[in-house]
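Two complexes are shown next, each including chain A; its partner changes from chain B in the first to chain C in the second.
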Partner chain A sequence: MTLLEFARGPAIHWALIILVAGTIWRLLGVLALTRGGDLSRPRDAFGNYKGYRTVFSRAWPSSEFNVATRYQTIVAYLFHFATLIVVVGITAHIEFIQSLTGASWPALPNAVGVAIGIVALVSLLALILRRLTNPSIYCSNLGDYITWILVAAPLITGLMAFAHLGPRYETMLAIHILSVALMFIWFPFSKLMHSIWFVFSRAQSGLTYAHKGVQI
Partner chain B sequence: MTRQSTLGALLRSQGVSRRAFLKFCTTTASVMALPASLIPVMADALEQAQRQSVIWLSFQECTGCTEALTRSHAPTLEGLIFDFISLDYHHTLQAASGRAAEAAREEAMREHAGKYLLLVDGSIPTVKAYSTIAGISNLDMLKDSAVNAAAIIAVGTCAAYGGLPMAAPNPTSAVPVSDLITDKPIINIPGCPPLPLAITGVIAHYLTLGTLPALDALDRPLAFFGENIHDRCYRRPFYDRGLFAETFDDAGARKGWCLYKLGCKGPVAYNACAHVKWNQGVSFPIQSGHGCIGCSEPGFWDSAGIYESIADGQFGTGPKLASAAVVGAVAGAGAALLARGKKEKKAAAHAANE
Partner chain C sequence: MSTSAAVAPIFPTFEQVCQGFAGQIGMLRQMAPEPTLTDAVRVERAIDTLIAETNAGEAVWLESCIHCGQCTTACHFFQATGETKYAPMRKMDLYRRIYQREVGPFRWWYKLITRPVKLKELEDLQELVYDSCSECGRCTMVCPMGIDTASLVHHLRSALVAAELVPAELAALTAEQKHRGTIFGASADTLMNMINTIRDHYGVTIPLDKPSAEVMVLSSAVDLVANGNGLLATARIMNHLGVDWTMCSDGFESANFGLLSGDMALWRQQSESITTAAQRIGAKTLVIAECGHAYPALRWNPMIKGGSLPFDMVYMSEFLGRMAKAGRLNLTPIDGKITYHDPCKTGRRGGAFDQPRAVLQAMNADYVELPSGREYNWCCGGGAGIFLLERATRLRDESFKIKIKQVNATGAATVVVSCASCRLNFEAGRVKNHWDKEVASLVELVADHLIDTPAQAPAAKSSQPGVTA
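After this line comes the complex of A and B, so read on.
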């Protein structure tokens, strides 16, 4: 078995199995927990509505924090959108998704995909720079750095595979797939789960604040 | 087969001009990545080259490799160089048969011990009874013929990597040459079939310099297998622009767009098809509208479906994602129930204390 056969065979298969099982495990494990009984009268009759609204309103900082968080907000937006576009916009990725789900859509030209991939990587570097230079803001732990490495690795290896840098293409492609497999395995057990949790955590915060009558 | 003593004499007798001969030497030196200063050396060496004894063993094969070399097009310099070598044994091409044929092989092995080139096409069944020639098993014939060979050239993917006969379930327990012979220099010229120029190029290199050319990690001559098809493909601009044929008869296919989505293995297949091409540079599979099947790569037959994109996951059999979701759901529900149980127990203990 070659490295590429291993990567796109058992490696990515088991990574997907762990990703699916782990994500559902963590989601259900938290969502099925009991909550404490509500003993107080809601201060806001529209609390539920406001709580759900928070899911979207928290996508942008409150106006008084606009300046202080400008760097973080802009770079994080750049990173998230660029990464999302790269994941769903590149031909090879669409082919993989299609082989799993049957769904497909038109791809971006490679040059555009590469440009956006570079934006994603540069913005990720900008984010780690900020994290490293402002330790008191982030209180980073080892898991944060592992997560950063496992997110950066698919971007770096994907760009290298396309640009034919480093090892031969099939080897680089295999390394790229293996790096994605590692990220999939790490996903459910790390802060990468925020890509799903953000909906629930924002909604829960909004509900709680609205219940207490806090302005949100 | 011609009997001229030197290659120069043979070429002159066939009406090949000095200019055409030098052109061939320049092309070959260029393709083999030899320095320009070696072109006159190659011309002189080839012109004076004595007939090289070659024994060609055909095992589990389809004769496609021989066909590619001898019937690809009208006589060419490549063909003439092939004619020039002293092909002392070759099932398909030799006039002799039966005991006389085997005697010719034994005589060549005796007379040119340590000097003859052994060309092998076809894989070798390790179960001896599955393929025999004149009562001799392929396994024994290869081992016997390899003992005094100067070098071995494995022609075609079957001899180089096992090819189709070795594909699952490998009913004859076939293996490539390199699995059986480990004490001789072996050069692989894979392909199904290989490019004729790759075969004659290696022979010309050997006749000129007396050595085998530089090889890659899979023992293929770098000159012909150093780059993948995709990088040399004339359809590459369509790939870069994201223009693909989705089926073999859609508008994209008619416009000659990239065949990546139709399973083309060009990005992971190393061969010279895209620039050397076939039939005097007329075409190659991708130009004819079919994706590359990666026939020069080990295990190409089993590695993925011919029409499956190389980006597709190759999961084979094993746990499916749906069952993973069920496992995750059970684990999650179990964890939550456990937490609830603990919480209720603590609440009860707390109530009892009060």
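After this line comes the complex of A and C, so read on.
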């Protein structure tokens, strides 16, 4: 078995199994805990439902915090969207998804894919630079850095494979797939799970405050 | 103006009240109870408390933090000092570790890779959850995950109660309220003496222990042992409104050191004495004195079944706002530009925003909002018991500078507050900084501007059913 066969075969498949099983385990382990009810009388009878708005409204900071959050909000938006587009938009990824699910859609032109991949990487670099230069604000821990490395690795190796940089293409591609596998394995145990938690966390707080008649 | 305005005042000014308290607070430190348990038991009790109090809600919040740093800049204690240890997210670190080791879905793994909690770590936590967190909730307003750090800090306070690690001043008052039912010695006798003084000197009647009344009114230790003007103002307003009201000698204290320290057994003992008295007299409305944390202790406490209680619980500013909106407060206009500081517990964490503003409007005030006002208001730095902690003086003083800047930006001559803790902290900050603003309490301001007319005599109002507007 070549390195590429290993990456495309058992490595990525086991990584996906760990990703799915681990995520379900972590979600259930938390969500199956009892929920403390709020017995106090709500400010207005149906007001609590307004709390769910926070799931969406918190996607953008309030104008009160514009200045403090501007850099991070803009760069984080660039990173998330650019990464998403690259993940589902370029030919190689669509072929991989098709091999797993059978679904397929038209791909972006290669040049556009590369450009967006670079945007994702540069924005990720911009985020880590800010984290490194403002240690008192970010209070970073080991998990923050491991997560950054495991997210940056697929972007870097993917761009290198695409541009035929580094070792020969097959090896580079194998490294790229292995780096993705590592990120998948890391996902359920790390802060990458925020991509799911944000819905629950925002909803909870939105409801808690809406109960008292406060829109957060 | 009311008739009693002509009587020579006998109660101290609030500046004197504030100075008097500083002396009393100094004595509390000597009265604090010593730890009685072994170190191992204290750690175990703290962990058990957190395990018991961690539901899915807390778990989701602990799981969601991405260390994005936004909360840090939203916190007045970090803003004031620039010290990273005060970052809100760091206050959850120890809680998260205990959660991951004891409750979380990967606890077997975290038990292998993380250190067990030591007493020293709990001791260090004291400064983070008492001295440097007023549970104001401003960090929640910016958190992209919406994490309610203040709630988590409250659980940590409960854990420190179990570990006998409550700061001396809070511990002394908690012990006093638990064992003697008083705060700063404010007993039922103190209440009666104050009521007699107010009646004898000002001719203002305060009904005590009426067998039934529509409105039950609470006071607070600050008013009973020092600031007589607070209770006097409350009485004058209630009599002006002509409501059927009473105070109860077995449930008069708004302040709840159970909630402040995190001792939820005391919280229950204290809040139940009030709700029991209110039910006994058949009250329709319970008015909570200007004592910020009493609002979450009673009105918003998730463990009090508010829906099945036969009465409404309202904060003083809410009650006054309702009366003002109903046109029942007859007030003289107020001079000069005025702004209002929302106490964290009644504003962002209580939702009583419009009512105090309606009261100021009823006085035709030249009102101006604070920049970063309402939901985004900066905490004054004295809430959640911090005003009492000598050790937190630097944190309080530094963070109060944010407040000074915020109020100065409005150009107002007077800042109105509606919380005894805020007011004490504002007053201390005003004196220390030679600040040229006047700090006023909403209830005293209203009492000073009442126009008493015959139409407001009690007999004329008795036909009006209820005041539970």
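Quick notes
The criterion applied here is as follows: the second predicted complex is superposed on the first by the 210 of 216 C-alpha atoms of A that agree within 3 Å, B and C clash if a C-alpha of one lies under 4 Å from a C-alpha of the other, contacts with A are read in each partner's own complex, and residues count from 1 in each chain.
One rule holds in what follows: a contact is a pair of C-beta atoms (placed from the backbone, for glycine too) under 8 Å apart; a residue touches a chain by one contact, two chains touch by 3 or more.
Computed from a predicted model, the values in this text were never measured in an experiment.
Taken together through their common chain A, the two structures put chain B and chain C side by side without a clash. By the touch criterion defined above, A:S123 lies against neither chain B nor chain C after alignment on the C-alpha atoms of chain A. In the superposed model, A:L33 lies in contact with both chain B and chain C. Once the two complexes are laid over each other on the shared chain, residue contacts for A:T83 go to neither chain B nor chain C.
In the superposed pair of complexes, A:S179 makes contact with neither chain B nor chain C. In the superposed pair of complexes, A:S136 makes contact with chain C only, with no contact to chain B. Of the two partner chains placed by superposition, chain B and chain C are both touched by A:W25. Of the two partners chain B and chain C, more chain A residues are in touch with C.
After superposing the two complexes on their shared chain, the closest approach between C-alpha atoms of chain B and chain C is 5 Å.
Comparing the two interfaces of chain A, the one with chain B and the one with chain C have residues 25-26, 28-34 in common. Per the touch definition, chain B reaches chain A in the complex via residues 228, 230-231, 239-242, 244, 260-261, 267-268, 298-299, 303, 308-316, 318-319, 321, 324-325, 327-329, 331-333, 335-337, 339-340, 343. Across the interface of their complex, chain B is touched by residues 2, 4-5, 8-10, 12-13, 16-18, 20-34, 91-93, 95-96, 99-100, 106-111, 164, 168-170, 173 of chain A. The part of chain A that touches chain C in the complex is made up of residues 25-26, 28-41, 43, 54, 58, 61-62, 64-65, 68-69, 72, 76, 131, 134-141, 144, 189, 191, 193-194, 197-198, 200-202, 204-206, 208-209, 211-216.
Those residues of chain C that touch chain A in the complex are listed here as 54-57, 59-61, 63-70, 72-74, 82-84, 87, 89-90, 103-106, 140-148, 151, 299-307, 309, 348-351, 372, 375-376.
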